[in-house]
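Each of the two complexes below includes subunit A, the first together with subunit B, the second together with subunit C.
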Partner chain A sequence: MATRAFQRLPTAPAGRILALRLVAIVVSLCIIAGVLALSGHSPVMLAELILRSTLGSRFGLEDLALFMCPLLLTGAAVTVCGTIGLWNIGAEGQFYAGAIAATGVALGLHGPVLVMLPLMTIAGILGGMAWITVPTLARAYAGVNEIITTLLLNFIASLLTYYLTTGPWRDRISGAQVSTRRLSVSIPEMWGIVHWGFPVAIVIVVGLALVLSRTRWGYEIRIGGANPEAARYAGIPVRLRIISVMLLSGGLAGLAGMFEVAGTVHRLQGGMANNFGYLGIVVAVLARGSCLNVIPAALLMALILDSGIVMQTQQLSASVILAITGLILFMIAIGDELAHYRPVATTPAKGKAS
Partner chain B sequence: MNNPAAPSGMAPGTPPVLQLRGIGKFFPGVIANKDVDLDVWPGEIHALLGENGAGKSTLMNVVTGIYQPEEGEIILDGYGQTFTAPQEAIRAGIGMVHQHFKLVQAFSVAENIHLGWDEAPRLASPAVMEARTREISERFGFPVDPAARVADLSAGEQQRVEILRVLARRARLLIMDEPTAVLTPEETGELFRALRAFRAQGNAVIIISHKLDEVMEISDRVSILRGGRKVGTFRTADCNPTMLAATMVGRDIVRRNMRARPEGAAPIAPQPIMQLRHVSVRDDRGVETLRDVSLDLHGGEILGIAGVAGNGQRELTHVLTGLMARTSGEIMLDGSVVERADPALFAHAGIGHIPEDRLRSALAPSLSITTNMALREYAEPPIGRHGLYDAAAAGMLARDIADLADVTIPDFAMPIRNLSGGNQQRLVARREIRIASRVLVAAYPARGLDIGAIATMLGYLTDLRDQGVAVVFISEDLEDLLNVSDRIGVMFHGRMMDVIDAENADIATIGMLMGGREPTDLQPGGTQ
Partner chain C sequence: MIMLLTGMLATAVLAGGVLALAALGEVLAERVGVTNLGVEGLMALGAVTAVMTVSAVHSPWVGLLVAIMVGAIGGMVFAFGAVVMRANQVLCGLATTFMGLGLSTALGHSYAGQPVETTFGHVTIPLLSSIPVIGPALFGQNILIIPIYVLLPLAVHFIMFRTRHGLNMRAVGENPAAADAAGIPVMAMRFWYVTLGGAMAGMAGGYLTLTYVPVWSEGMVAGRGWIALALVIFAGYRPVIVTLSALLFGLVTALSFVGQAHNWPIDPAFLNMLPYVGTMAFIIVPVVVWHRMRRVMAAPAALAQPYYRDVR
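Coming up: the complex of A and B.
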């Protein structure tokens, strides 16, 4: 037997993971640059352009914040659910449901902003919760796999949005396609076009991190996710905890939809979720189950999306951005796995390798 | 005794189907098998008996080619064989039916029978496979529905499919690991009929079991393993359950009296803390796993529970700790009836629980040591206040527990699965002892520990007793039971056969009760 040069550790140290992830991103960027060069673009020029128009300009930074806002919330939604060992694949649908509910309030009621905004917020959260209710109860009482149920409801929510925006709620004033009229209420802006939803989302994510690590409820969720049998042994009502976590997760995604409607787009539009729900899964995977990590993960994802806009101005297809996302995720997954390995000093064989 | 001549009625010179000579199998730090000789003759059902960890499964894994022995030889029909893979054992006519079936749940019976079979036709349409399966099923006398999905079958039917799978591959030696563990009594009867028919065709069966009465019913000969070695092979006709139980667990027992109380120890409380009155439990298959058990747990007393594993000990522990609901009877805590099985309520009442499978059910392996140590006290101050969880206080608690358990921990934030099994076990024991202000239910707390650690563990139990806690100590080790218990209850088939005073208990009596003998049959100071 050859002596093994590497040993696999059961847990990877955080520092190694971070270092290897940086390497993974650099490697991905090199591959992307290579492909772009082969297809006749100048990677250096593109990189310069992207940097200047994202991090290097006020508009770019504002866009970045607007992309981050929904990603923070959908990422947190998936992460919270993952803490108890469940996958909420339906943040996209809950996002739409929250957006629809908030729009319904804005279209149907009239009042001062100070009344309307809280009402829309509550409606958005309840909308998201309502959308995950059936998967939640099916999971808690019948053991139905939540991945399938939450996923399938996404399509229904998306189609419902198309129906509303082309049917009963269509814009009769300006005649915009697949859209409601502009809502009269909006979240106030704080910095350029960045609305107050962005700092609120950051506060929510930090708050969730505290709740999970510093409350009894959070403790019970973590135990329930790590070993349901041990949770039962400790007398934790696992079923109730599953219900509360899934509803919270749906509510977070619904809130993301409300923010998008009332802060960024100002209308309900078909397709407006823009994959934010699905990208929330990517954010959660990058965050490795930690709410605080959702912030840098959402930043990375927002940077990619922001770069995508720049690339489209350079006659690159919009699907390039999906390919890039996939490539970076793939490389990071490899990096995470490699972080488990530690080189072993290859001593001359004294005993037999086992 | 180890090399009996061929059974009568067999042509002289007929070799045994299987002969093992001096088999030894070692794992790091463990001798799983050593010097095991075994003969299995055509036309015989041979039972293999032994406690958990006696080396039965390892031995059978050697015979079926899953493990390669370090010592000894395997002789089939008089010819030496080495199996480097399970497939070679199958080709040589050895088939094993595992306790946990290895079937594809989503496939039909016919598909499962043909899976991985080199004689399966190349173009195997469902109709062809079902016809072949029907033919096989009729040939061997195990009725199955070839088109049924395995997931829809009962445990007994699934077992039939497993057996057919093995028989279709022309097995002449069938090895069954705990075949009746998942069967109802009717299904067990059917299985035994089928095994007898198989034997009548000149084939052999090895059946692993620790159900003594079944061994008595079905086997022709019994081999008993203890601590990885064979104690002996006996003709079943010469055996009785009592003698088998005693041989299985029996060894030179050193009696040390740990019942003596130190100065100032709490006396045995006259009022019981917890009472079971005619408690019975039925499992999902309707089998009664705990039958009409009545018990009183007194503070300051250790109640030992003896018995061969699987005779209701698990159910008893779960009922005592609120993890399992009873089907009938009453449970009383401090004289008032507990209506609901609620583990939180029991833990809150000061009932600690060291479960049998502690590493699986009492810990969250991926979470930190601190988090795991807080599992029992996270809801109470100083850790839990106003719905909050104080991580710093949990850290202090974890440090305390680790100190008491004498486990050195480099980093309390690392996942608890990074610790060795023995250390995890000590931490769980200490954590449970902390909350056990009234009762501690300890299931096999010494299992897997070395001798020094066992002494420490028994010391924990007597310390708790001296503090006035009622201790329930479940063990397979009669020596430990006799040394620390004040009373010993013996379980058999879910029944509490008798509760006897440990001071005057003798091993023969306990052995007989473990084998299912009624206490009324026993003479005082009974002999064997």
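Coming up: the complex of A and C.
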């Protein structure tokens, strides 16, 4: 009699991953619905309300695009780093650094918008790059675990933002707490409150996908991530590639911060990173190392964030969203692993197996 | 000067205790080959449930016990994903942190900002507490100091390096296939030590709100879980050294308090950065300066690698 067993494959087929991820998301949603029902909310009503106010309204769609913009860039930042096998958990800090640098330019210099915006963009990118420099060098030259170094810098960036927005750059006009004054320069809007940073972010993500899949540099990065030893043997300067990839990653997250400052919030604020850096990790995981997949992944994440706004109006704390994201991430991690297994029929040995 | 030193050491011991507990728990998990990046979230859960419990029961011991149990349950959830299902440990850990931070904020919403009334009170051990400088710090604070700094690390050290069970445990982290061949239950070993590590992270959270900072607020764990993770690397996965480095780290925190109390001409925001900057220096500088230390302080060989018995 044949018994059924499972065999683990080294790589999982894409179709099975997609299927198991759908299962993972459904299971997560069921758990969430259960918890909501237990705490006295009607999950069906809430789901209807969320769908109506996110996808079903103009404001919901505009918010969706505004949430997507930073998520596309932080998601791409984590994805690019992941291509060479490294985790950039510090996109949150690089986001702040980019926002701080861009704000510094906007507050310190005066000029026409056409000059100021490129300057702020460059400052934002450089700010993000500067913020990842220490972890990059520590990783490339001393092999120091980049997860912890990039993460610790998030707290420093957040404290620096707090210092600037309550100290030297505090709003002296309207007296808003933990905030600078409204910046005079902003990215022009293209559709409602959605600014031009959104299409630019999409173009950047698509461009990155092309660079990673079509250029020599991208090829070397992918080899370096898949098998560092083989890459070294083939003469690829892995150390230099690590440095360039991590700096690019920091620059992308910094650009996200600049877009947020100049396009959406129009001022530097404490807490403005809104977990976009951490959620970028989730986006990157959903995208499974492909920059093109970052777009639908960011859309899904933005939907979750958008529904967070609705939940707040229903007396549910906004932090519930972080817990929900964690649950989905957890289930997807398990689903991805299960996708590696293939059922095989095994027959018990009878002495003369063919 | 003596006054200042005594005060600083007392703060250092108090502040370092949080890190010592969490880091010691993480040493257990990492020694059996599992990186638990969920420490930060488990600490937050422990901290908030301790506050919630003592506001209902008025006993710090019950509060601490609940924090430990919540940490253990959280550790089991993580271990279910990372050990039983063998999913990616980095992802499961981050997910645990997200869930822990999100849930703790949601749970603690109505407790935020209220001072915790029932905490571990001052316990003064006669004679020992009158030793200058270190007496008040070690023997004149709360009852948990001695277990945290002396009993637990020594117990873990003894079990890990002086018993057969400890040898088995380390074998699971170094070479799970060989351990499995020798009949050691790899998965059970990993599951229970990760759970124990989670329990200690929960306890660290409970200790945080029941002694050191007796109030719940969102984000109050403030990266202590991540610092604990860094300390484990810094201490080369050794229980006694990790505890000592937690104390050293408490001193860095104490320094920023002293700076604020004495009105040093540095903005508090920069003094608050000290622990994070210090941690960065802690894990980068030794590797750069002492190249040879890298082998001595190396991570368990199978760290963060899931173990598949059937894959050849």
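Quick note on the criterion: the second predicted complex is superposed on the first by the 340 of 354 C-alpha atoms of A that agree within 3 Å, B and C clash if a C-alpha of one lies under 4 Å from a C-alpha of the other, contacts with A are read in each partner's own complex, and residues count from 1 in each chain.
By our rule, contacts are C-beta pairs under 8 Å (C-beta built on N, C-alpha and C of every residue); 3 or more make two chains touch, one makes a residue touch a chain.
On a predicted model such as this, the values are computed, not experimentally measured, just so you know.
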For this session: Once the structures are superposed on A, label A:160 by its partner contacts, choosing first (subunit B), second (subunit C), both or neither.
Result: second
Exercise. Which partner does A:87 reach: the first (subunit B), the second (subunit C), both, or neither?
Worked result: second
For this session: Pick one for A:111: touches subunit B only (first), subunit C only (second), both, or neither.
Result: neither
Exercise. Is A:230 touching the first partner subunit B, the second partner subunit C, both, or neither of them?
Worked result: first
Problem set entry | First, second, both or neither for A:11, with subunit B first and subunit C second | first
Exercise. For subunit A, which side has the bigger count of touched residues, subunit B or subunit C?
Worked result: C
For this session: Figure out whether A:218 sits in contact with subunit B (first) or subunit C (second), or with both, or with neither.
Result: first
For this session: Would you pull the subunit B residues touching subunit A in the complex into a rising list?
Result: 28, 322-323, 342-348, 353, 355, 360-367, 371, 374-376, 378-379, 384, 387-391, 414-415, 417-418
Problem set entry | Residues on subunit A engaged by subunit B in the complex (per definition of touch) | 10-11, 213-220, 222-223, 226-227, 229-237, 354
For this session: Over in the complex, which subunit C residues touch subunit A? Could you list them?
Result: 37, 41, 77, 81, 85-88, 90-92, 94-103, 105-106, 109, 218, 222-223, 226-227, 229-230, 233, 267, 269-270, 272-273, 276-277, 279-280, 283-284, 287-288, 294, 306, 308, 310-311
Seminar exercise, completed: Given the complex, residues on subunit A that touch subunit C span 7-8, 87, 89, 134, 138, 141-145, 147-149, 151-156, 159-160, 162-163, 166-167, 278, 281, 285, 316-317, 319-327, 329-330, 332-334, 336-338
